[in-house]
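Handing you this structure, nothing more for now.
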Amino acid sequence: MTDEPTPALALECVDLHVRYGTFMAVDGVSLVARPGEILGLLGPNGAGKTSVVRAITTIVPVTSGTILVNGHDLTDPVAIRTSIGVLPESNGYPGIQTAKAHLTFYAELFGLDPREARRQAEHRLRQLGLDDKSQPIGTFSRGMRQRLGLARALINRPAVLLLDEPTLGLDPAGREDLLRQLASSAVEEGTCVILCSHQLDEVERVCDRVAVMDHGRIVADGTVDHVVAGSGVTQRARIRVALGDVLAADEVLRALPAVSAVEYDNARPGDIDVELAPVDGARSQLLKVLLDARIEPRAFDFQRAALSDAFLALTSRGRETE
Amino acid sequence: MTTTERAARQHQERARSGWRVVLRKETADLWLSAKGLSVLLAFSIALSVLAYLASGDAAINLLDARESVGVVVKTAIGLGTLTAVVVSADAISGERERGTLEALLVTPVARRDIVTGKLLAASTMWLAALVVALPFVVVMADGPRVGLDAVLVLVISGGLVAAALTALGLAISSFVMSNRASLAASISILLMLAAPSQLPAITKSATLGPVLIKANPVSAGLTLADNVLVKQQEWTEQWIYLLSPILATIALTAAAILLARRLQLGDAR
Amino acid sequence: MSRLAALLIALLTAALLAISGSASAHAAGATRSPGTRSIDVRVDPRDASVKLGETLPLHVTLTNNGAEATPELVLHLDVTDPTKSTSVDPEDWTSTLTKQVGAIPPGDTRVVEWIVQPISSGDFVAYAVALTPRSRTIAASNAATIRVEHQQTLNPHGILGVALGVPAALGALLLVQQWMARRPRNSDQR
């Protein structure tokens, strides 16, 4: 919406604290996100994700710390709110309004004149595939409402888009549709997207980076691989080599620092099970040492640690189940 | 002008016009949905029954003609205020319960603009009630020839009472988390404030009775209606009964707008 | 002895005469004051019939038939229903029940008017009494009978049009609005 030069960071939170009475909901969170980046904000229920989002959107007071949204700090909440688009988790809609009237109203709240607001509303409805829906919102399906919510969040061409559980309750096709829209918005409009979700598979798929929260703190932050690697969960590989190469393979594999265990399946001679620490590039390291030792794998099945494994390991829920 | 200055000016302009956008939307929601007309229909039916009975009583001299006009004007003020309070008490707490408040709060519009827009939209309910009440009052006041007085009482006294209580309903709606609690509290306060004027024997016998009647904006407004329409007192003697409605309107409107700063979503933690 | 007997007979005769004179004076007390004063009170019309909600003028005529002027008089109207034990509140019929008449010279007449408006149907009796504020003298009128016929007022003070018209108009508006809301929005679908 604004024609100011785009800052290098779309969002920067430093040592953010949010306290509700005696409860510290956000306890020293620091986050950065760049334009065009999709950042997944993960954490179990009560971890503080929604509080972080609401602090960024200026609707809950920050106890301490700084927030910069598109270059604006908390001393100018109106400028922050002008720069953001939000799809809240508890998102209601006026049942009697049409989608177009609803979006036009929000566009006007962002300062657009009525004609421009209508144009922008039509554009977003077309973009989200809702332009042929003239019935009241009360008759919309859950998927249509979520798409409308995304259209509303995009109505001001925000620098930072904050989405709290946007795919909650959607069927697989609806989820795919919404995630596609999200990714295209980030790429085409350079929008920084903060995605709070419990759907770890979709986060893993669309997010450039993830930040995992637990008890109001960031416990891991980085690319999905980096977070998985840092979580300490193991990865597994099953390699099949010729029977004559088993001993040589055993030797080179055990020499790798990332390998924590090498086991054999007696029922299938030549199959080697390898357990690895979650380091970046483990798969290629395995292949490299085998090929360097002139051992040609006949089969290679690598099971990378999933984000869900890392999430469970990093958060309290994981610790409780251990 | 630098880009930052231009952006700041844009923000200020948005802040200035935000209440208009909210007012337009809220008014449309109220009157294009069944809500506004349904409440108004209920109001008109109640007023019709009462006006018919009062006219019937006046026709057989069971009720003085002026008194019957007074009864209808006071009922129009009371019920008209109630219709506006029902709308204003739902304005914020209703959005909170329906989950639509957060999306509104994250827009650049200032919270006081949201509250101002909603307050004015709720006031259209009173204006509509006033328009509906006018024909009743004009027809009934034709006999005793108090039409102008009746209309003036309805507009001035009723307008002030309705404005004060509408602002009160909105203020309560801002900080009461449950919509039901907001409606119950607002309507209870209206009834409590209206009660003293309906208990003249008690309030007038106590030493402080007349003072309390004047200090309470609702009873003051209703007493003014009695004084002018039934007791045929002069308007110039009534300024004391307008004091508390005027002060209450100013104070409660200011309170509603100031409370807007502390507007909370309510479900944080 | 015969003298004593004659004296006793004379005394008894005088006492009897005195007693009979006093009794005849008391017997005339309802309409005539002691001595020569006499007030006649009459309510007109003697029989009247009105419909509920209508007004009825009652004329009370006071005539001084005595040789002296009356003292200051007050005239009071009362209404009752002799067929029922329940009381009638005459204040519902008229707000002023008592009227000052003043002194009436001998042979003179005063007419006082009441406009009454009955508030319920039935057969009633209206009468007036003239009294002096400081004495117990009362002169009562004849009883005028008033029949009040029940009348259904369908449109008191012309309110019916508004009382039916306003809610009907709003109801119609509501129906139109609901119909418009349910109507497919062709213009939006283009």
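Observations on the structure shown:
Order of writing sets the chain letters: A, B and C. Residues in each chain are counted from 1.
FYI, a contact is a pair of C-beta atoms (placed from the backbone, for glycine too) under 8 Å apart; a residue touches a chain by one contact, two chains touch by 3 or more.
Bear in mind the structure is a predicted one, so any value in this text is a computation, not a measurement.
Of all chains shown, B has the CA centroid lying nearest to the centroid of every protein CA atom. Greatest centre-to-centre distance from chain C is found for A, with centres as Cα means. Per-chain CA centroids place chain A at a distance of 93 Å from chain C.
Taking each chain's centre as the mean of its C-alpha atoms, chain A lies 48 Å from chain B.
Residue positions of chain A with contacts to 2 or more other chains are 96. Under the contact definition stated at the top, the residues of chain B that touch 2 or more other chains are 32. Along chain C, residues 181 each make contact with two or more other chains.
Contact residues on chain C toward chain B in their complex (touch as defined above): 52-53, 92-93, 117-120, 153, 156-167, 170-171, 173-174, 177-178, 181. Partner chain C is touched in their complex by these residues of chain B: 32, 34, 37-38, 40-41, 44-45, 47-49, 51-52, 55-56, 58-62, 65, 132, 135-136, 139-140, 142-143. Of all the residues in chain A, the ones that touch chain B in their complex are 2-5, 20-21, 23, 25, 51, 54, 57-60, 76, 78-79, 81-82, 84, 86, 88, 90-94, 96-97, 105-106, 108-111, 152. Across the interface of their complex, chain A is touched by residues 3-4, 7-8, 10-11, 13-15, 17-18, 21-22, 25, 29, 32-33, 95, 98-100, 102-110, 265, 267-269 of chain B.
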